[in-house]
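Each structure below is given as structure tokens.
Below, chain A partners chain B and then partners chain C, in two separate complexes.
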Partner chain A sequence: MKKKKDYIWILSILSIVIFAGIWWFCCDVLKLTNSSTLPGPATVVNTFIKKLSSSAPDGATLPAHIFSSLKISLGGWALGVIIGTPLGIFMAWYKKVDLFVRPIFDLLRPIPGLAWIPLMIILFGIGITPKIATVFLSAFVPCVLNSYTGIRQTKDVHLWVGQTFGADDTQMLVHIAIPTALPMIMTGVRVALGAAWTCIVAAEMLASTKGLGYMIQQARGIYRPDIIICGMIAIGAIGAVFSGILSLIENAIVKGVRRDG
Partner chain B sequence: MSKEIIICENLNKTFETSRGSVPVIDNVSLTVLKNELLVLFGPGQCGKSTMINCMAGLEPATGGSVLVGGQKVVKPGPDRGVVYQRMALFPWLTVMGNVEYGPKVRGVPKKERRERAQHYIELVGLKGFENSYPNQLSGGMQQRVGIARAYCNEPDVLFMDEPFGHLDAQTRYLMQEDLMKIWEKEKRTIVFVTNNIEEAIYLADRIVVMTNCPTTIKKEYEIRLPRPRNYVDTEFLKLREEISAVVDKAL
Partner chain C sequence: MVKKFNAKAKNYEKTICAMIAIAVFLCVWQIVVSFTKAGMVLAGPIETLKMFFVSIVKPVGTHTIEGHIVWSLSRVLVGFVIGSFAGIVLGILMGWFKPVSALFRPIFEILRPIPPIAWIPLSIVWFGLGEASKYFLIMYSAFCAVTMNAYSGVRSVDPELMGAAKMLGANNRQVFTTIVLPSCVPQIFAGLQIAVGTSWATVVAAEMVRSQEGVGWVIIKGQDSNSTVQILVGIVAIGIVGYILAVSMRAIEARLCRWSVRGK
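Moving on, here comes the complex of A and B:
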């Protein structure tokens, strides 16, 4: 059984290898495109390595751009989680909070994070603040929604058990509703991180002086598709790593509930 | 010994729904004695769970009253434990976590409640499974945890609402046998709900036969057969036939 599982892993690696192979074959062997339009994988790897230490042509090294994007997106995400999750929990548990907050939340919810950028730029300029605010808003919404839905899934029979044991309202929230909601809350946190990461890159393309989005936008201006692709690879890889780390945390926290149903 | 612990007087329950009033309990008067094992026996959907919920305080009665231990029932309380049919364990807690939950809520110190929980886990035959999560246990084992959890809070009365209803026949027999052993070791007042006639006769000191909805008491039987009872004993079979003839068909 164990052996078979190890073997299965190869399939995933294979898909990446095949993808790179086709890319290489089309660009470097068949030369279907001009190398200045779509460079082959070798050129991109080369640029990637150079860009690790070189700040040409956009003023900063790749790690510096990454660091800048990470700082803002993680900051905005953390704010979104810290504020959004408890808000969703309280809205679901306390009817009055729900009635009070819901109208505003329902109005704000359909507005995509990016649509906030113009207003944020007018309010805060193009520094770090408008971006943190925008990332916060896009991370905040899934946190509220998921914790709200999670709390609402609390089973009556579990609450009855709590009641017959004499638990008060707060104890039932902490001992029963929040543990019930935890898997959903964790999903919200993960979705929020994805949203935060997507949002920061887009925000940097519109208004920034640093970050992966800025780097890609600059590279487009001076016609450097190799740098654009490097940026895209960095975005994809970091997003995947985020998702992986949060899944690990999720599995460690969420016990006794089979995730696959 | 023959002290009355539960007294229902003219208990009525009507649910007000969007489609009008639904009377479910119709003037039930019933007493349960201390350490008695009383079985409420009736067809499906007749109002047995509603009876339990009214006695446990989870549903307010709309007429009459329920006294438990001399106190009028107005809300749920730790003097009344409930074992449900299924899915009532907290899936995020281990067996130990589930069983010690009642004492934990009441602020019993950790060491003491652990010892107590351990005692009841062993009583229901789950020694060695303290750290398992409910989804790692079979249906029968999960119900054992439910029984241990209710016992561990040391209530005056235990309500069991078709606790073996979804188990396969084999497991069900075993659970009935073990429940008898547990009850004989640690006598409690138990109100046990079932729609299975064999189970009723096997367990009961007294069987209260309920009618279809709106439910009321149809007949009562004292079961004096010696324990452990034998499902194919002639006396057993005779009672089974007699009570089966009395009970309403499920709607």
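Moving on, here comes the complex of A and C:
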């Protein structure tokens, strides 16, 4: 049995190695594609290291771009969480709020966050505000949805127990409903961060002078796919790091999270 | 009084409140437009609706609004169908055959954190400015969303069911077709719903970045000509189609998965 397990592991590592190997072989060694279509991994690594300190060709170093994207996405995301989560909780707990707010929310929900950018730009000009507003809208929806669902999952039995012990409405909300909803709220927060990160990358492709999205869009214009790939790797890496950090926080703070990955 | 948590509001109550809420929203919007500085740039609901109906007959750019919607939808449908089909097949294979999963999963985990939108510049470099790059993007988004769901759908089949079938004499292929495939359908549909949403958002983004027609293009053109009306018309179109797509997906799922109560 042990042999079979080892065999599977090796297959995984082998597949990455083969994939990277084929890429390197075709592009750097055989030069099957020219480097303005598909650069090899050596070129990409080279560019990555260079971009860490050079401002060419788009006006800022890689860390500067990353910082700019991070700033806006985290800001918009935080706003979305702070406003969205309580809104979702209130919508789920107070029926009156639900009846009036939900229709408007359902109207706005199918609109992808990115579609708001042109409107925001006309309203707020070019700068940070339209981007933060759009990222806010993207992060806002998952937060509301997940905290709403989380609170709705509260078991009636638990509420009845609370009432038997004399809890009033607010106490039931704070001590029973919200802790029950916490795993789903955290999931919503995590989804919102992913959505915010995707949104800022897209927003920067359209209306920005700094940031990872801007960087890869500019690189396309001057036919530097190696910069594009560096940017994509940075985008993916930061997204993964976000996810990992939130998972750690979730496992540490929230009770009742299903830890089956 | 016991808090009736899951008591549904009566239907007419819900509809009346919904209508009041929407009416209030529209009124506030109209007031903001007519009486504040924002009104100098923002268009009101009446103007937007008028323009929306006008664009059904009068073209915006090269097509009428439903022409743009058809363009965007066609891109989504082609990419979505191909991408989700490939994703379902690969996901099921990955779930059923361990070597396949060992082979593809690492590549998947590396590519997964990169949002489909980040592929836009690369796909334009590779496939040019035409339809191919958009098809690629949508296929990619649908594929990613569906594969992992199909994979976990197959992996989470109740082993007791499979064991019972084997005891009754089923061979591996029969277990696969009669138990595994049907039981992963709800999970696959969950993935398909996410894929529809992501594909719609991706097509809008791709059109906003680079295209000649489609609802995303309508919005960007509106921004270029400083016409908030056009932007809002585009947003309305995007919202309506997005809503219809989501509702249709849910209706199809309800039909095909009638036997599985997914806690709705």
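Throughout what follows, the second predicted complex is superposed on the first by the 231 of 261 C-alpha atoms of A that agree within 3 Å, B and C clash if a C-alpha of one lies under 4 Å from a C-alpha of the other, contacts with A are read in each partner's own complex, and residues count from 1 in each chain.
In this text, a contact is a pair of C-beta atoms (placed from the backbone, for glycine too) under 8 Å apart; a residue touches a chain by one contact, two chains touch by 3 or more.
Values in this document were obtained by computation on a predicted structure and should not be read as measured data.
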Combined model on chain A: chain C and chain B, fit or clash: fit
Partner chain in contact with A:Leu206 - chain B first, chain C second, else both or neither: second
Contacts of A:Thr37 with chain B and chain C, given as first, second, both or neither: second
Partner chain in contact with A:Ile122 - chain B first, chain C second, else both or neither: second
Partner chain in contact with A:Ile22 - chain B first, chain C second, else both or neither: neither
Partner chain(s) touched by A:Ile249 [first = chain B, second = chain C, both, neither]: neither
Residues of chain A touched, compared between chain B and chain C (which is higher): C
Which of chain B and chain C A:Leu182 touches, first, second, both or neither: first
Partner chain in contact with A:Leu52 - chain B first, chain C second, else both or neither: neither
First (chain B), second (chain C), both or neither touched by A:Val174: neither
Gap in Å between nearest CA atoms once chain C and chain B share a frame through chain A: 7
Overlap of chain C and chain B interfaces on chain A (superposed complexes): 160, 163
Touching residues on chain C, where the partner in the complex is chain A: 2-3, 5-6, 9, 13-14, 17-22, 25, 38, 41-42, 98-99, 102-107, 110-115, 117-122, 124-126, 200-201, 204-205, 208-209, 216, 219-220, 222-223, 226, 228, 231-232, 234-235, 238-243, 245-246
Complex contact set, residues of chain B against chain A: 56-58, 75-78, 80-82, 84, 87-88, 90-94, 101-102, 105-106, 133-135, 149, 153
Chain C partner contacts - residues on chain A that touch it in the complex: 8-9, 11-13, 15-16, 19, 36-38, 95, 99-104, 107-119, 121-123, 152, 154, 156, 159-160, 163, 169, 172, 194, 197-198, 201-202, 205-206, 213, 216-217, 219-220, 223, 225, 228-229, 231-233, 235-237, 239-240, 243
Complex interface listing, chain A residues touching chain B: 155, 157-158, 160-167, 171, 175-176, 179-180, 182, 254-258
